[in-house]
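Following this message is one structure expressed as structure tokens.
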Amino acid sequence: MKILLINGNTNDSVTAKMARTAEDAASPGTTIMPVTATFGARIISSRSENAVASHAVLAAAAQHHAGCDAVVIGVSMDTGLGALRELLPIPVVGMTEAACLIACTAGARFGVVTLGTRTIPMYDELITGYGLHPRLAGIEAVDITPADYGDAARITTDIIALMKGLVANRATEAIVLAGAWIAGQHRELQAHVPVPLLDGITCGVQLAEVLSRLGLKKATAGSHSHPGAKELIGVDPALIALYRNHQ
Amino acid sequence: MKILLINGNTNDSVTAKMARTAEDAASPGTTIMPVTATFGARIISSRSENAVASHAVLAAAAQHHAGCDAVVIGVSMDTGLGALRELLPIPVVGMTEAACLIACTAGARFGVVTLGTRTIPMYDELITGYGLHPRLAGIEAVDITPADYGDAARITTDIIALMKGLVANRATEAIVLAGAWIAGQHRELQAHVPVPLLDGITCGVQLAEVLSRLGLKKATAGSHSHPGAKELIGVDPALIALYRNHQ
Amino acid sequence: MKILLINGNTNDSVTAKMARTAEDAASPGTTIMPVTATFGARIISSRSENAVASHAVLAAAAQHHAGCDAVVIGVSMDTGLGALRELLPIPVVGMTEAACLIACTAGARFGVVTLGTRTIPMYDELITGYGLHPRLAGIEAVDITPADYGDAARITTDIIALMKGLVANRATEAIVLAGAWIAGQHRELQAHVPVPLLDGITCGVQLAEVLSRLGLKKATAGSHSHPGAKELIGVDPALIALYRNHQ
Amino acid sequence: MKILLINGNTNDSVTAKMARTAEDAASPGTTIMPVTATFGARIISSRSENAVASHAVLAAAAQHHAGCDAVVIGVSMDTGLGALRELLPIPVVGMTEAACLIACTAGARFGVVTLGTRTIPMYDELITGYGLHPRLAGIEAVDITPADYGDAARITTDIIALMKGLVANRATEAIVLAGAWIAGQHRELQAHVPVPLLDGITCGVQLAEVLSRLGLKKATAGSHSHPGAKELIGVDPALIALYRNHQ
Amino acid sequence: MKILLINGNTNDSVTAKMARTAEDAASPGTTIMPVTATFGARIISSRSENAVASHAVLAAAAQHHAGCDAVVIGVSMDTGLGALRELLPIPVVGMTEAACLIACTAGARFGVVTLGTRTIPMYDELITGYGLHPRLAGIEAVDITPADYGDAARITTDIIALMKGLVANRATEAIVLAGAWIAGQHRELQAHVPVPLLDGITCGVQLAEVLSRLGLKKATAGSHSHPGAKELIGVDPALIALYRNHQ
Amino acid sequence: MKILLINGNTNDSVTAKMARTAEDAASPGTTIMPVTATFGARIISSRSENAVASHAVLAAAAQHHAGCDAVVIGVSMDTGLGALRELLPIPVVGMTEAACLIACTAGARFGVVTLGTRTIPMYDELITGYGLHPRLAGIEAVDITPADYGDAARITTDIIALMKGLVANRATEAIVLAGAWIAGQHRELQAHVPVPLLDGITCGVQLAEVLSRLGLKKATAGSHSHPGAKELIGVDPALIALYRNHQ
């Protein structure tokens, strides 16, 4: 099986990091094909950067999905998720979506820990949009400025403190780690908290494999069916082709 | 006052139609400046087309907002709303958002009537995202194929029947008309139903005027504050400048 | 345009204060006509006082609405809102309703700050009744006794601390100032917090103007249509006439 | 035990009818003391009439509660419920509140059947305000004009059809009968439906007895504690006294 | 009237303690018939022990309900509530259900205080399952180990602190005391808090009496009607008979 | 990998049918170990039968989980799910839970189709308990009596009609097939509807494999941690041992 991993950040080092985590998570026989968005923010951390990325992820998918069996979106805002599901003939999974769904099997309510307080409402809206708000114990973010990224030890200390607080004060029974910085660190962090931690890329790859194996019917009605032969201008030819060639 | 009206559809005739409605709705002294997205779908009617438009609306806003006092987004999915609010120094209103908020002052619960059943879940998610689901009586859509657009009388008949059904069966007390096709037809349709109809462009222009007059502080914290001097590549220079020049 | 501003507190000095804020908020050409309830509590701060005021506001509206284009209810519990909407032929806006609706365009979630902890559940119910609970970040109240009203500086200090706490701890992105004491102080308080503050009277006047300009149809079906020629006894003749003369 | 039954409609024949049902429901040793509001609508069926009644119910309670052990509000909108709870030293129950709470012990979800479609949103808001919306299967109303009241057989036929529809189509497992017209008819109607019917006056009297027996502490904090020595003008002396004499 | 009180814990001393509280709560003429589950945990404090108890409570009810007028379930998780309602011909009440429903008449939002933090999500799910989440202010639990049970004074001090915190910080206006340890202590604890406390057994007995007096129809449709003549194996003959003999 | 499949119905033929579907769904290298509950209902279709099964599933798991890597609960009410998760050291998945979580990746809102209208509220409560109510489009059940089970063609026709109705009238974009009768028929039924169908056993096996591969930490705090060395009486020795031997 071949899984397309789309990094919506225009940042190859983040792509490489995600790809390593994805490869660790993949079953024998699964190949990860990582691609990086070609336009937009180096690191998405706001609504407007995310809005650009929703187009960039779509363009990358159009260019690279041929021959793949499933897609994992490598942005913790799951950018472009519904759009890809509608347009592509193969299953698509968002990394935070996957972690949240798996978290539902691991505890009564799950928390989310990330970096950057301004993203708290964005994750809240994302999870509410998934209909999972009743399962959400809380979202906590390390308050961070660009300069702080140099001090990894401080960030890690803060993350652990936030996780412990979620468990102690909000009856949190599982924790989703969100954001590119934390991605792949679940094994190290797990030792510090008494509840299971969930990594988006890891869960995303596993869930993508499941969806590929299940071979569910692609909807031919509703908002996840292909929109048909629509005309678009000014976008990547591969994207235009995805609409034009649809019978 | 000058209001930038951004049509996210790459379709000048829709822009012209919206502009006429906007001008009718504007107060004396308000000028409407209509612009059309330069890339993406001719008529947005799906998740993927909407994802592209979130970038296109942002690019258009970056290019044209200078000298404007407020923005109205002329796509009934309110495409790019949060992104624009975060990035621009002026108030931004979505046309469906505006109609739904005004509808809250006009009846206990409001319904939505539009064209194309596949957009029903999209409007449902939009309104749920606005936190207004408790006020939503129902969403109804005329089931339509591209060929049907030629038969305006049939569509109008269907719309009226759906509106009457919402009033009779779902205790609907106000109706939001959504979608480019219906935009501006509220006066004609009003005669057929006993509850007030709300037009997105009309409400959007009025609400944009209010926000401009109120002169609310632009947030300097949270998900609606400017994201700061971020680096983006491969996008319109005007958009890059909106990030680069921020102190 | 002429806007009737009804103070449901039997307190002329509060009426005068509200009227000044309303006049500041009004567009050129808009006249504010302030009236004071003739029976009930001097300052409404409880459920029972509010229950009396729902009648008093209705009586005042019956007596004074002739010749007006819209009504703003000058009680932060929006006392009698649905009743007035049903009975009067002109648009009606509640001051807290207006501030909450406008707040929805200014941030992801809004908080409310007021005086008197016993009103917290009342505001919670009010906002839940508006269907806006998903947008509510929290309600905070200065804990106050009648004697404390003499110490304005202390109250202001407490209000600022509560607002800062909402922003820091609850991801609050806009704040509605509620209660007669705070009304009109949004400009002074704004300097202390990084998110926009919303004043009920100011938002109410602006929204009332919009509703008047929109000229929405008065519903002839549902719970906001006029109840018809009903018989009431023992109430103000102007109120009786509002029912009796209805065709 | 003595229970004050307050009819918020200014209509002695409705009071007498309610009193008979209340007496049937009362335990041995319980006396019903029925009183009729002295101002407001003959039959409350709208928001504005209900707003007046919230004052009238309060005035009636002030005049007549001395010597009583509990209050049942005899208006199916439970008019003035929170106000009375706050102000009186004895327990207070709303007739619809009581029926809905008891319904929660009788089935998974309950429906409401009443007369007059315009009251559907009012009941919906009432039940949502009680936090019981998750238990509500649906609200159905016989569409009725004043002239229709003469045709009791037709109304009864319609009520039975609506009840059967709730059971068949909405998984309704208990039905609350709401409105003065239906009050007391639960025994006759029960034969026609396979799920239990709940009568507001009957449940209200039973629940009032329970609250009196439990002797719960009257809150001295929060929105249900007495508001203290507040000044009101222009209202019934008995009502003024309820505030003035409070230590 | 005869009320069957089923203790789902296999612990006679807890049964005796509950029986005393129940007898104190019962009206003159009501007899309490306490029984103890014959298999399962000595003290239920987890999901798995509760799962076993749902069978044990059912078996106990099958053996002992004959001649009784109503059942009160004496486990604060209300174990087996829906199952008993479906299977028995008499009314059934859960002790926590009863306390929560009565709490709804005593304050805007109620809190829950119990022992053992691991039960917090279980109570949250229970109350959400009752549809009462909108009324829930918060759930607090004394963090306790088996050894701590010897120090009753410390537990009581902690409970009082948690109750005061709920009132001060979460606008709690009534408090449900949950768990076998606290049961029956509401009178002593009431002196320490300004809002009413609710005891499950006390409320349960009162509500069971009401349901018996009301004589509501046993549903013959839906999930609370008897399931009919089903075949079960390997369970108590009394339980088998409850299915077998049903016409 | 070895997956324990527990049929909570005391019915070997249902176990065999489920086992075949599970084997079809399993990845190469995965072995299905099917077991049948030893006490309780032949076919669970009510609350009380389900209450007994929650004990029976627990006993079966205690007896058979040694040497297994994960558990799938083969009852569409996911009987005993939280109890098993708490008590066992290996992951546990409910068949309906799994289908609903996977359905969330396949459409905006999912419907449920089953047999027996009395189970509708039970599935509604189950899915609400999973926090997935916002994603639920509706639950439909074939109205069936025991005699009807002989007419498989009629049932299949009815199921197809219900599925088509969900798609046409409730914007359903994925359908979960629930109940032992339908289990394993998703391939045949899929041809009749334009949206993906989800089979509980198939999804359960796939999700169980994922959870086993992920190797999430077993919680040592909260309601899903082991309850410790508790004393139970009168239950299966294997179940007693699961508590007794815990350090």
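Think of it as A, B, C, D, E and F in the order they're written, each chain with its own count starting at 1.
Here is the rule we use: contacts are C-beta pairs under 8 Å (C-beta built on N, C-alpha and C of every residue); 3 or more make two chains touch, one makes a residue touch a chain.
This one's a predicted model, so the numbers in the text were calculated from it and none came from an experiment.
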Neighbouring chains shared between chain A and chain D, ordered by label: B, C, E, F
Chain separated most widely from chain C, comparing mean CA positions: F
Centroid spacing, where centroids are CA-atom means, of chain A and chain F in whole angstrom: 28
Intercentroid distance (Cα basis), chain F paired with chain C, Å: 51
Approximate Å spacing (C-alpha centroids) for the pair chain D, chain F: 43
Residue numbers of chain B (touch at least two other chains): 82, 108, 117, 120-121, 125, 128, 134, 171, 173, 221-225
Chain C-facing residues of chain A, complex: 117, 120-121, 124-125, 128
Of chain E, residues touching chain F in the complex: 10, 38-43, 45-52, 54-58, 80, 82-87, 117-122, 125, 128-129, 221-225, 227, 230-235, 239
Parts of chain F lying in touch with chain B, wherever the complex brings them together: 108-109, 134, 171, 173
Contact set on chain B toward chain C in their complex: 27, 82, 91, 93, 97, 101-102, 104-108, 130-135, 167, 171-174, 190, 194-198, 202-203, 206-207, 209-211, 213-214, 216-225
